[in-house]
Amino acid sequence: MGEQAGLKVAVIGGGSSYTPEIVEGFIKNYEQMPIRELWLVDIEAGKHKLDIVGNLAKRMVKEAGVPIDVHLTLERERAIEGADFVTTQMRVGLLEARKRDEHIPIMHGVIGQETTGPGGMMKALRTIPVLLDICRDIERLAPEAWMLNFTNPAGIVTEAVTKHSRVRSIGLCNSPINFKKFLAEQYGVTEAEVLPEFVGINHLHWVTSAAVKGVEKLPELLDGGKTYTATNVPTLGWDAEFLRSLGAIPTYYLKYFYMTDVMFDEMQEALSKDGTRADVVSRVEAELFELYKDESLRVKPKQLEQRGGAYYSEAAVNLMNSLYTDKHDIQTLNVSNGNTYDFLPADASIEVNCVVTAQGPIPLPPRRVPEHIKGLLHAVKTYEQLTIEAAVSGDRGIALQAMVHHPLVPSVSVAKTLLDEMLEANRAYLPQFFKL
Amino acid sequence: MGEQAGLKVAVIGGGSSYTPEIVEGFIKNYEQMPIRELWLVDIEAGKHKLDIVGNLAKRMVKEAGVPIDVHLTLERERAIEGADFVTTQMRVGLLEARKRDEHIPIMHGVIGQETTGPGGMMKALRTIPVLLDICRDIERLAPEAWMLNFTNPAGIVTEAVTKHSRVRSIGLCNSPINFKKFLAEQYGVTEAEVLPEFVGINHLHWVTSAAVKGVEKLPELLDGGKTYTATNVPTLGWDAEFLRSLGAIPTYYLKYFYMTDVMFDEMQEALSKDGTRADVVSRVEAELFELYKDESLRVKPKQLEQRGGAYYSEAAVNLMNSLYTDKHDIQTLNVSNGNTYDFLPADASIEVNCVVTAQGPIPLPPRRVPEHIKGLLHAVKTYEQLTIEAAVSGDRGIALQAMVHHPLVPSVSVAKTLLDEMLEANRAYLPQFFKL
Amino acid sequence: MGEQAGLKVAVIGGGSSYTPEIVEGFIKNYEQMPIRELWLVDIEAGKHKLDIVGNLAKRMVKEAGVPIDVHLTLERERAIEGADFVTTQMRVGLLEARKRDEHIPIMHGVIGQETTGPGGMMKALRTIPVLLDICRDIERLAPEAWMLNFTNPAGIVTEAVTKHSRVRSIGLCNSPINFKKFLAEQYGVTEAEVLPEFVGINHLHWVTSAAVKGVEKLPELLDGGKTYTATNVPTLGWDAEFLRSLGAIPTYYLKYFYMTDVMFDEMQEALSKDGTRADVVSRVEAELFELYKDESLRVKPKQLEQRGGAYYSEAAVNLMNSLYTDKHDIQTLNVSNGNTYDFLPADASIEVNCVVTAQGPIPLPPRRVPEHIKGLLHAVKTYEQLTIEAAVSGDRGIALQAMVHHPLVPSVSVAKTLLDEMLEANRAYLPQFFKL
Amino acid sequence: MGEQAGLKVAVIGGGSSYTPEIVEGFIKNYEQMPIRELWLVDIEAGKHKLDIVGNLAKRMVKEAGVPIDVHLTLERERAIEGADFVTTQMRVGLLEARKRDEHIPIMHGVIGQETTGPGGMMKALRTIPVLLDICRDIERLAPEAWMLNFTNPAGIVTEAVTKHSRVRSIGLCNSPINFKKFLAEQYGVTEAEVLPEFVGINHLHWVTSAAVKGVEKLPELLDGGKTYTATNVPTLGWDAEFLRSLGAIPTYYLKYFYMTDVMFDEMQEALSKDGTRADVVSRVEAELFELYKDESLRVKPKQLEQRGGAYYSEAAVNLMNSLYTDKHDIQTLNVSNGNTYDFLPADASIEVNCVVTAQGPIPLPPRRVPEHIKGLLHAVKTYEQLTIEAAVSGDRGIALQAMVHHPLVPSVSVAKTLLDEMLEANRAYLPQFFKL
């Protein structure tokens, strides 16, 4: 890559409302990472949104005065051909599918969430075949490209790509970068001066160390008595005794597992008030696209930041930058386990600190893996492996095993009911399960 | 051992209503395994029952005409000194404690069971310190003895003994021998002609192979269409599609995990009708001891067989026999993992087929470990490890982590409530948690 | 197998001088293992010997009065079709090739031996492709057959079969059965009453435990002061201090590694007196075939026992018998490692105690693996893996790496010289290395 | 550390001729790593040299105008008390012992080298007890200090410290930094722009990747046809075909294993011309100390660079700097294996790229571990483990096993002879082997 005059980036799902963020990132980092061609690609159903957001992207680039060519296209192969980076931010089935992912489980007393539980499983079943299809293009047209998956469930889909294609793929989540920002803000230092360690997998990690300028701050972070000054406090809402004896800070998503009762009640209440999270997002997106249409808008609008997914594009641009410049900095990424955890398969995706080199990320083994968390981690990874196998094979029996063995699904009978309803509800997107 | 004129066996908890079974076993096997001294030992509170059952044991031995000296004692050290085998069948806290183990969880919507879930955890916390105290005696007075644990939760307590003493210890459960008997009965062959493989740990195993005269019968056993002729059918009550896709027969205890809803409802209903299982057992035991008092009774009464725990003593006598005679037969036992499962610690207890030699059992690695079950297995083992650590340290934080990470406990808040109530209810038996 | 009226056995290399031994074994075990058809198959070049030994086999069967049909054939496919067992006792390149295997290394100061060192490597390179070709037939014509490899180097060729075919294969050596016989004889007990543990791989194992009726006898066996009564004493010739600190009895073949100087000198001297071992064997074989020609000979001649390879056929017949009858006895076999040794690959062949069932052997993990021996064991296994890869690929570079990394080859330059000369000398049997 | 006004460093073996190098390093890095106190400590026998080199150090500091207090002392405890860093550069038995380490093996046909083979083993046996004694002081007087071992054999002694003390210890060698300098020089880039990967242990590593600005250059480095421009070419002297098929660049020290014949001949010839390497070093040191005495010398003399050990102090200062400043750069260090290599024990020392943080180095798992090298690596590590055990226990049997299992020792009989002679020759330094 290093010898090229400029880079080519393809953004699959380029019509997303997030696109202005990543475009802003490319503009800011232009000096170190000179992107020559930016291809925003989407499917026919997303053409309208692609046009709106794509034209905003063009205006942003022009305003910034950087020589990035922005291409809008529905032809995926043209976008991918010769690309240095391919990012994916897809939503197979659109927000309508997400709505069902969130709604159906709650009807049966189970957490209904976009990435965790039966909802996340359905999203994975819909997404993996599409993503592997994209991989076939990349293998053929851009075999040296790096594929960056923001597409959720990011850990599962990255593992699927690793297992079933030759594409070099990395999964990304904004949760670790958010923790780093919290830690830096809390102690008044830069992000480069903090080094938290993350143990686990995507949306199921525990922070087991939090060094600030080399000094361990975890004990005081776990201590409920501390007056926090930062805004996005990750220990809020957790029981203090539990945190102290856990000896680690769980990611927000672990509330679905450790505080299932509270989370379910919140979800059920929110559902009756605002509908699903998908409904809320749907309204926010509509407003954003209204803004984007405004020809006088030439920068990323402030309102996008409220959309959630904060710092996703910062994480993505950081990663591309370090891959491109062989930077050797530490980023928290979803990559293959290797020997990192001896109780998980080598090809399982994990979320882990990595040193990022031009040859790819190298995982940094956490110094300490609390015994407490190994079982739950293995249980969720088991579900993930089965989900991938089900997505690729279309085998209903394997899908049932995945559903049954998810720790949030309370019994075989509930699992069967959920599987029946949810496969049926997703029939249009799951041809592998409905072969003649 | 082999050079002695006869063997010495100490039965800790000798006043148990089960004792006539094991005595019958010793009588039947006298030729191969000549026991000279049988010491039944109990605590002061159990003296009355010890006298009743001990005198029955003496009458049984006399009736059979075998030269076994039966000793009744409250002095544990005398019983243990120089013993070849020490068996434990204790119930720290008696049936009253079991009652609470079963009752309190149900009050909070959680499975309340003697060995599984919060009830099993409390039983372990009460039992482990007492058992380790016995181990101190064995280390000193009978360092070459084999300790056979029937005391539940047998896997956990055996692991505790392995980790915290030098005693040679093996855990025993009647579940595997029952499966073998079912399989033999079903196909009209002898037990020696069947070879099922068990994957997992005590009360959490899956049968992954079922060879009859060397031919694999698992697929047809999993097939719901089969007309069973045996009485104790292990696939009854399971969903047929689930079983087929699981590709293994789960132990009965796995219903607490896979059919939590059904099992909880059954328990709640039974509770309102008959009280806890402890209440039922209490009544049965009272009737048994009435029988035992009858001086004309000189053999094991038929009624004992309805007590549950079928074939426990057969399993125990088989094991002693094979250790004594260096028999090299295959038995399913609770021993240390070693390398058997690469995702569990080497010192974790597992329930596994073993070749029994005079130097001890050697675990036979199962040929196939389904991916499906690894996560749940690891999750429960994590709870078990934490429980042992809590029992030995008396650390409430570790106990909380054990409770939280048990797959049947739905949240941190329920875990805290259960822990508070159950530790308090067991205060008299948990001095390690109530140090000044 | 169990349902057939009788068994079919194919002996590849049926013209070997050993054949009368295995025939004798089949005759003796006819009751338990009723062989209906015995197919002795050989190549064109071996037809003469096949006829001689095959006719003796027919006379032996007739004399014994057992209804085994003995077939002599050059058509391998007919012999294999529908077979229950296929045994291999081949010598690709005949004794002439062995002669070169033994002679060339000695010319360059390196141990020249049939199975160990550069000689064994060449034998593996010649044999593996032929064996895999046979496997293609078995996969097609007798997919349920068990293949028993006596063909040396038995561990390497068995691993090659496991890695590169779907044939169910087991490797066999007479060294473990000889140790058991020694142990039984020494203590005046039956073979069933001894249980030695073997750690390692074929021709590179250490006996780490030697239980006699369940009592550990290893310390006294290692103690030089003991007066041995048995004839085939495995500790003879070893340095007493070395043995004691090793804490294990090494197999005879380990003298090539631990006593390289002494062994090399012996070989060099023997070479000048009697030629290579191949020359000696050649003379013995000629004499045997003279005997076999005698039409009045109707039993295995005593002289065959001096041929070496004692108890090979006993080991083979025992194994077939236990596979056929689902016997669950313990035999020492060459099978895949699985998790037995965590420092070796799962698909590496190891020589290990196994429980033999109708579904195949299950390896029994040794209780103790001395740290001392892990490095050497891994070093030789590395050479073996590379040799298999070289044999299958015909890649000279990999062959060079195999040769260099054999612990008995002193340097890269010697390795290159040996490789050049030995590949050239075997050109006729190594087409994979001489592609145009 | 971060909150102190300045750092305290103790140099054990401060009288070494190398000291001016490390002093120069401290002066150059003063801005980032402000050392307040530098304690040079030595034993009585080294007092004369300590005075000479210590006074040079004082002159160097004064000349540079940095406020470092240089203390010379024979009181180890005072030097260690409260230190932030303790470096060790000892030579137990002085050059006389090294002379014997090099000479005796050659007399018996074995490589005689300071760190590799029987010589290295003796050095380890002499050094480990002394080092562990120092550790006792550090545990008591400076428990937070980092101990940096340059003392050879650096891998073995670091593993001994990790296994037998609570001191935080890191082993250092100049070989990796030399390779980085070669690579940077060869391609005209900075050291920060190269990233070679090292697989193995101290003095037994293979370079398996050599990225320059993120581009893999290993194939062309292995290609003999390349015209090198750098001076210190690591592929010189190796057979081209061997290197290519190895697919990695072996460290110089691997010539003792791969080119034993050539190296032995060179050593024998050098011995007859110049005596041992110890003799040569002895002469060089005498000259250096003559120079150091010169009161007008106020900087490190150029001649020291010819002494060998190039860049040792640069490596050391880099490491201290990164530990002090929490730098997160990549350095190649000797640390505990953890899960890096699944075929070696977790507590084995390995030489590996690490990210250096204030909390210590984190090993970066190599992306590729060639199968070829696993056996030799494990064999040498086995010898190392046994050597540590022998050093700590003084058990002659274990020492014999270490010697026998070193790949360069050809037989048990040679091992016994070497052990007898070398233990006796080192009697004054090996009290653990000569207890009454």
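For reference, chains read A, B, C and D in written order, and residue numbers begin at 1 within each chain.
Rule of thumb we're sticking to: contacts are C-beta pairs under 8 Å (C-beta built on N, C-alpha and C of every residue); 3 or more make two chains touch, one makes a residue touch a chain.
Everything quoted here is computed from the prediction, not taken from an experiment.
**Q** Chains shared as neighbours by subunit C and subunit D?
**A** Touches both subunit C and subunit D: nothing.
**Q** For subunit C, which other chain has the most distant CA centre?
**A** Centre of mass proxy via C-alpha means gives A as farthest from subunit C.
**Q** At what distance in angstrom does the C-alpha mean of subunit C lie from that of subunit B?
**A** Computed value for the inter-centroid distance: 45 Å.
**Q** In whole angstrom, what separates the CA-based centres of subunit B and subunit D?
**A** Using C-alpha averages as centres, the distance is 55 Å.
**Q** Enumerate the residues of subunit D that touch no fewer than two other chains.
**A** 342
**Q** With chains as vertices joined when they touch, what's the shape: line, ring, star, complete or other?
**A** Graph shape here is a ring: one loop, exactly two partners per chain.
**Q** I'd like to see which chains touch which, written out pair by pair.
**A** Result of the pairwise touch check is A-B, A-D, B-C, C-D.
**Q** Once bound in the complex, which stretches of subunit D touch subunit A?
**A** 1-2, 192-193, 195, 209, 211, 213-216, 326, 328-330, 338-342, 355, 357-360, 362-365, 367
**Q** Please name which positions on subunit A make contact with subunit B in the complex.
**A** Checking each residue of subunit A against subunit B gives 238-239, 241-242, 244-246, 258-262, 342-344, 371-376, 378-383, 385-386, 396-398, 400-401, 404-405, 407, 410-414, 416.
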